[in-house]
Amino acid sequence: MQTIPFLRKTGEAPFTDRGIKKAGQLLKPWTGEGVKGVAITGAPLSKTSISHSGAFMAPQTIRQMMHSFSTYSIEQETDMWDGVITDFGDIEMHVTDLIQSQNRIYSALKEIQSQHNGALIITLGGDHSVSAGAIKAFQETRGRVGIIQFDAHFDLRNTEDGGPSNGTPFRQLIENGVISGDQLVQLGIRDFSNGKLYHDYAKDNGVTVYTMGDIKREGLLTLLKKSVEQLKQTTDNIYISLDMDVLDQAFAPGCPAIGPGGLDSDSLIEGIQWLGENPSVKGMDIVEIDPTLDFRNMTSRLAAYIIMQFSLFYSKREGGK
Amino acid sequence: MQTIPFLRKTGEAPFTDRGIKKAGQLLKPWTGEGVKGVAITGAPLSKTSISHSGAFMAPQTIRQMMHSFSTYSIEQETDMWDGVITDFGDIEMHVTDLIQSQNRIYSALKEIQSQHNGALIITLGGDHSVSAGAIKAFQETRGRVGIIQFDAHFDLRNTEDGGPSNGTPFRQLIENGVISGDQLVQLGIRDFSNGKLYHDYAKDNGVTVYTMGDIKREGLLTLLKKSVEQLKQTTDNIYISLDMDVLDQAFAPGCPAIGPGGLDSDSLIEGIQWLGENPSVKGMDIVEIDPTLDFRNMTSRLAAYIIMQFSLFYSKREGGK
Amino acid sequence: MQTIPFLRKTGEAPFTDRGIKKAGQLLKPWTGEGVKGVAITGAPLSKTSISHSGAFMAPQTIRQMMHSFSTYSIEQETDMWDGVITDFGDIEMHVTDLIQSQNRIYSALKEIQSQHNGALIITLGGDHSVSAGAIKAFQETRGRVGIIQFDAHFDLRNTEDGGPSNGTPFRQLIENGVISGDQLVQLGIRDFSNGKLYHDYAKDNGVTVYTMGDIKREGLLTLLKKSVEQLKQTTDNIYISLDMDVLDQAFAPGCPAIGPGGLDSDSLIEGIQWLGENPSVKGMDIVEIDPTLDFRNMTSRLAAYIIMQFSLFYSKREGGK
Amino acid sequence: MQTIPFLRKTGEAPFTDRGIKKAGQLLKPWTGEGVKGVAITGAPLSKTSISHSGAFMAPQTIRQMMHSFSTYSIEQETDMWDGVITDFGDIEMHVTDLIQSQNRIYSALKEIQSQHNGALIITLGGDHSVSAGAIKAFQETRGRVGIIQFDAHFDLRNTEDGGPSNGTPFRQLIENGVISGDQLVQLGIRDFSNGKLYHDYAKDNGVTVYTMGDIKREGLLTLLKKSVEQLKQTTDNIYISLDMDVLDQAFAPGCPAIGPGGLDSDSLIEGIQWLGENPSVKGMDIVEIDPTLDFRNMTSRLAAYIIMQFSLFYSKREGGK
Amino acid sequence: MQTIPFLRKTGEAPFTDRGIKKAGQLLKPWTGEGVKGVAITGAPLSKTSISHSGAFMAPQTIRQMMHSFSTYSIEQETDMWDGVITDFGDIEMHVTDLIQSQNRIYSALKEIQSQHNGALIITLGGDHSVSAGAIKAFQETRGRVGIIQFDAHFDLRNTEDGGPSNGTPFRQLIENGVISGDQLVQLGIRDFSNGKLYHDYAKDNGVTVYTMGDIKREGLLTLLKKSVEQLKQTTDNIYISLDMDVLDQAFAPGCPAIGPGGLDSDSLIEGIQWLGENPSVKGMDIVEIDPTLDFRNMTSRLAAYIIMQFSLFYSKREGGK
Amino acid sequence: MQTIPFLRKTGEAPFTDRGIKKAGQLLKPWTGEGVKGVAITGAPLSKTSISHSGAFMAPQTIRQMMHSFSTYSIEQETDMWDGVITDFGDIEMHVTDLIQSQNRIYSALKEIQSQHNGALIITLGGDHSVSAGAIKAFQETRGRVGIIQFDAHFDLRNTEDGGPSNGTPFRQLIENGVISGDQLVQLGIRDFSNGKLYHDYAKDNGVTVYTMGDIKREGLLTLLKKSVEQLKQTTDNIYISLDMDVLDQAFAPGCPAIGPGGLDSDSLIEGIQWLGENPSVKGMDIVEIDPTLDFRNMTSRLAAYIIMQFSLFYSKREGGK
């Protein structure tokens, strides 16, 4: 075989520094073997959004943003250099049959979680509609689920007006009997972003709702601890559903439904670190980033940073993880 | 008359959910009858700006952003579903005669406030030059005015160098004898954004000035309470003049004169809520948003949110409002 | 009823000149009566696109661009001042059931064309998938259709891989027996924009294909005359399906599938004028403009100009139109 | 005096090549002496525009774009290295008194042309409203004017509806008795961009109008020759008023009133070259470029190129110029 | 090994149609074996540009744009489905030592062309500085070179003022004795884009220069035939150096040095097709596309189309190629 | 000499208000005399950046942003109206020899600081590579330097992999024996933005490192006081090296290496004020702003504001400064 000086393959990094490994390099395509630790799967579905959304591009953009970060945490003095985040790739979506696309998400994630019991799967949306299948698959493979949903919105809309969309995932889970309301805690619900009818629905079904006002008064960490305690009493494992629009528009300018009055990014990061280390947490999704609307991929970059912080604190868990 | 399935008129919402009403739907065009409660009027004038400004587009953009929000406040557990915000439309501006445009703002607003004594008019600029006429009309119909001006700038420039512009409204009001300086409280005045000559003018005329430093030290709410107490001693009603550039550039990227060192949006919202509930407050304008400079209409969206929060707390006032 | 000076309703033009009427003002919402002449209907569907598309926004943007033009043609010395273009509004799309959305397009357009025999309906896409239903409805109400398709692409893809999408409308029409291939003439088909399999399909089904090379050699007008002659022999009426990506990327920068080597806008306008005057032409759609990708709405503005030129020459037709 | 190695003053070119002089370096600020040859003056007025316009920025942007070009014409094998284009700077505009701004343009240009009889002044708008004063000043100092106006629009609107705006300059000149209609030739007038009322006005006043159709049929050069012949019979000197929106939107994307169906840039350049060499031409303005709307300053760059081609061919004139 | 339904690997196409193969799929990473036919190599160097340039990103962007096209030419009725364009990847650049980066380009390309005698290498810049090394390597491996340079600029600047930059490649080749001027034909040289000093240099060294005026008068194809005839008399093989700024700014908006008065894309494509089929042509580079400045990757998309047309006509060559 | 009414020279402010002087007007080009007080020098080098950077444009943009501010501080009730900030202009960079460019920065700054002992030079980058030369020059003219580096990154990379880049300045200073590690304090170092190898290097060399976590726990002011105390024990003067990416992406969107988890702008401003007044501080650079990536020049505007606050507090220093 011939060699040629200075050539690097298309797609490889244009410059390498011996002392820096990119977080993106931790991503290793799944090769068919059993997987442990953190793994990601893309669910590039956003035609299910009520408003126009390019969130289907987020899995690819978040992966790229992983290349903005290195593997070293100075705060923890921990280097994830030898770590691996398995990349299962993306679930293939149907062009026109959106129900089938949602079914594929459920099927693929169920198979992945069934085969890879030791893996903590982070599903990258797509819009929030992907969580319905993701959570159903999670519960069927990992036991009774307790959900911590970060969101400005309930996502409890009726499914008759527009079908199963990014406004309905938690309604679907309840209506279809997958979960009951007490398995769900919602954090960051905001003024003028929801309907009273759906707040009533949340109450009627025993969903726990913490508003932005609650967070400002009590602190996110306090509410997270309270939520995990509560959920642990009736569920086996906790699943985080992170809709990035829980953040204020100044910190997550790339969500379709941005607005003022939301969380700042530092608080969210602190919350994710705490959840990352908590042994009850066994699944997560990150949804509602539309790279076509973002500024300099800020929101995807924050998502990549959250994946790294979560993985870092996950690696600090003791024992059975 | 014939009917055709699935048709909706041009301009109507492409999707409706039975459980959600858009804040924008609260806006009802004025039909010639007497008006109560909150009402909006557009004053689309920005050729009067010292620098290039597309603020004349803000009334239309803010109305559109009202469609980003619903009618339900979860923090107050109050639904404004059946509420109405009367929309008087926009005041027609002259293409080239800017003095006439300013006169039209005064005339129209005076007529509106004279005819509709029970209405709280929110005037949507346009640039800050619109406040001169708006406040004059307010005082002539509602009694001696006390003004709470949120602004990084005094807006007390001389009117000889460039005529009555967005840098001069409060100077005009004082020079023309409409108000005396003790009727005016300025909040959020910022370093390197004003001239000493005009600070001297403020002092000489008894204007109360709170800088950003004052706000950081004492808190916006404290200063607002102090301001309202003070103004109530000598005036009949309070008028809020909200120049969005009082905010830091990270939170209001769409103002012509953005800069660092300003207010954060949460503090402003809290202040507006308090003012909304205060029975002395009887008028407001929101100015200096240029939609052509904004990112994803963030600043207009914040203005729409402020209108909703103000209206919500306004509806909580007891008695005569 | 009270009046207030200088007020104009929200949405009305900020300035009016007595000597100029905007083309956009010719658009009159349908009021339930019988319609003659040119009419438009929006088919805001683009979730059916293979690639991400905001083409669903085009009907609204094209209407806005009608306000960029006046009613007067100096070339023809004809003023359409008193003309009317009926606006049937938009067909409401389902959020998640795309097949139902396509059915609604068919149903609504069939009903419109059935009720309004004297009207020439211009359907505004949306992506090219809307043409399948539009043409079926046209034929069922107006007799055997001859289609002149301007396009860089065949749109004859198989429907098994992704369902009925913007790559399949003419395949659907043939497969479903709505038309046979000899009812279809394709103009502007381009290199490296199609598959051989589908060229074979076109040939096997008797579709007439003129490439960009053919247009450059023979001239668009020549080929249009030849096409209309040919189609008139076996069909009753001609329908124009105008995919704006038949144009070169320099002239239609807002199509999802832009590319070099296409038509220039002057040639297309000339062709549309000729077709507008031709009494055989009885229907048209304009598709594949994505306003979120465009520069200064150039492509929608061109579409609006095409509607005006078509309407102008339509009004010159003699006799029964 | 001390020296420091490698320093260059703020604003100087970061790199200099001994073999290349920038066209921008030909611009020499006026120093109070008598001027010959080509000179530029900025008239940064666009608040007079009917629609929002940043055309006031064009003089500065066109000057910057002069730095994109060198001084050497390979086609003519002529180097303008030692040439000078005098830069009179910009006329200062009033912030709010637009009539005064227009008067200042007239006064300044009259004084310049009166003092500098040997200079050919190119006035850089701004919007087209600047031409009214510019042409009046031209005629009062240079004798009876013949005008060649490149434009998609008549600019003959009535001045009652909105005052003297960018839609009225030639109407003002006729109404105020400065010119009669036979002194004016309009080239490039376009469909659906004008009102019949104003076409009638043009005809009634003896204005010569060549449409885009005329240009396509007869060729721009032919019409220019015909126009100059005609104007020379009754006027002393010819003035070019170049509204860049005479060009198609693909070639001049930065004009406020862009549209399809216009001139291509090569034809315009050829026309300008011919006019540059014609000894009758003694004045020019270039208007209606809004740098805030342009793509990569394409339209201002073209304007700079036109100034260079005009100056090059001007330098080829024999005798009295 | 386990399998999971619907998964596709990161980076794979989200949708596949059985009848369409993307041109991008023709690109096969080099695997160390001998290569025939067309091959590409990226030379991602643009720190050598006189002005700020992101042209180093073009190789990756052009590859992506290959995915905008299919493999089928309808004009030639030829499908390149089974074809291969070998992708040698990118040559690794040094961060700060630009001379070393240029040397690496030379070394890598020399090795590639030496090893792969049957391959026609298309080097993707990068800026035009990459051509100096590319052409030297070409001549040393393929025999005496005749160069056809498409460019608005001579690129014959002195190397003393700024070193070997994107303004100097052909000067370097002559000064270093690699070529003599008669081996070089320049097409598309433009007014006000060059210095007289360098035109003199071209003449003194026997370089053949065809200006845009020459192309407009004689036609590009005529000049190309004349050029190839001339070069064939004294050289062994022809190398095309395609600086995309030979095109008019309307057709190549993404070149750093855009301007009016250039070639249209159709003419260039026609020229490339003719050169692609000409058996003398044995090498090519495509340079000066800055994806950060482009609109919708139009210029990179055109480059990808040119690669496809060149490859198509290359495949039509008879005999030894 | 002739005069002409209303003319202002190209580049002068279009509007002047008698009561406001722009901060930008404080900038006076150096005229060859001795300089005292604050002075700026541009070091427009960013080809040395590891990633693509337009930071070379920042000196010019920051100067422009100085025109966004006035000279009056209301918080200090101090007007800098009669102050002067000397502008030494920019150091001329070589097009291709980046080492020479770095040497020029060192030479020019050494000469400036040697000639002007009473001046506090603020060097405007450019990328962080400019600090190596700037600090070496500072120490050679002002005595043993103590460095306070605000940065998300160590900038202690090895220089073998890519030469002296924006990732290596402090490594270069240590390796070349210019400083020892105890002369350097780093503030704001962030997770996943650095390599462990370089943290080890910092520790091994006695560099003081405060992370973002440290700042959040202890407060920036506390750490600054501690740092200055420590540095004063072994050094003569303190130099601030301000990499703007120490800020969170929400507050400095225009840095090449933006990310979440950084400092907010108010804290930084407060720190800079304290340092400005501290008599030990004798030099500063501001680096890593890329105006081509910024939104509305927010980051350059903040840099200009920082220069003003620093200069204001600098003017409050007592005695020898």
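Note that the chains are named A, B, C, D, E and F in the order they appear, and that numbering of residues resets to 1 at the start of each chain.
Quick note on the criterion: a residue touches a chain if its C-beta (ideal position, glycine included) is under 8 Å from a C-beta of that chain, and two chains touch if they have at least 3 such contacts.
The model shown is predicted, which means the values in this text are computed figures rather than measured ones.
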Pair of chains joined by more contacts [C-beta pairs], C-E or E-F: C-E
Mean-CA-position distance for subunit D and subunit B (Å): 41
Distance from subunit E to subunit B - Cα centre to Cα centre, in angstrom: 57
Touching two or more other chains - residues of subunit F: 15, 50, 56, 95, 161-162, 250, 295
Chain contact topology (line, ring, star, complete or other): other
All touching chain pairs, where touch follows the definition stated at the start: A-B, A-C, A-E, A-F, B-C, B-D, B-F, C-D, C-E, D-E, D-F, E-F
Residues of subunit E defined as touching subunit F within the complex: 47-48, 50, 52, 54, 56-57, 94-99, 161-165, 292
Interface residues, subunit C side, partner subunit B - complex: 1-12, 14-15, 27, 29-34, 41-42, 44, 56, 60, 63, 87-93, 95, 104, 107-108, 111-112, 115
Residue ranges of subunit A touching subunit F (in the complex, touch as defined): 15-21, 23, 68-77, 79, 81, 250-251, 265-266, 269, 295-296, 298, 301-302, 305, 308-309, 312
In the complex, subunit B residues that touch subunit F: 50, 157-158, 161-162, 167, 189-199, 209, 211-213, 216, 248-250, 253, 257-261, 293, 295
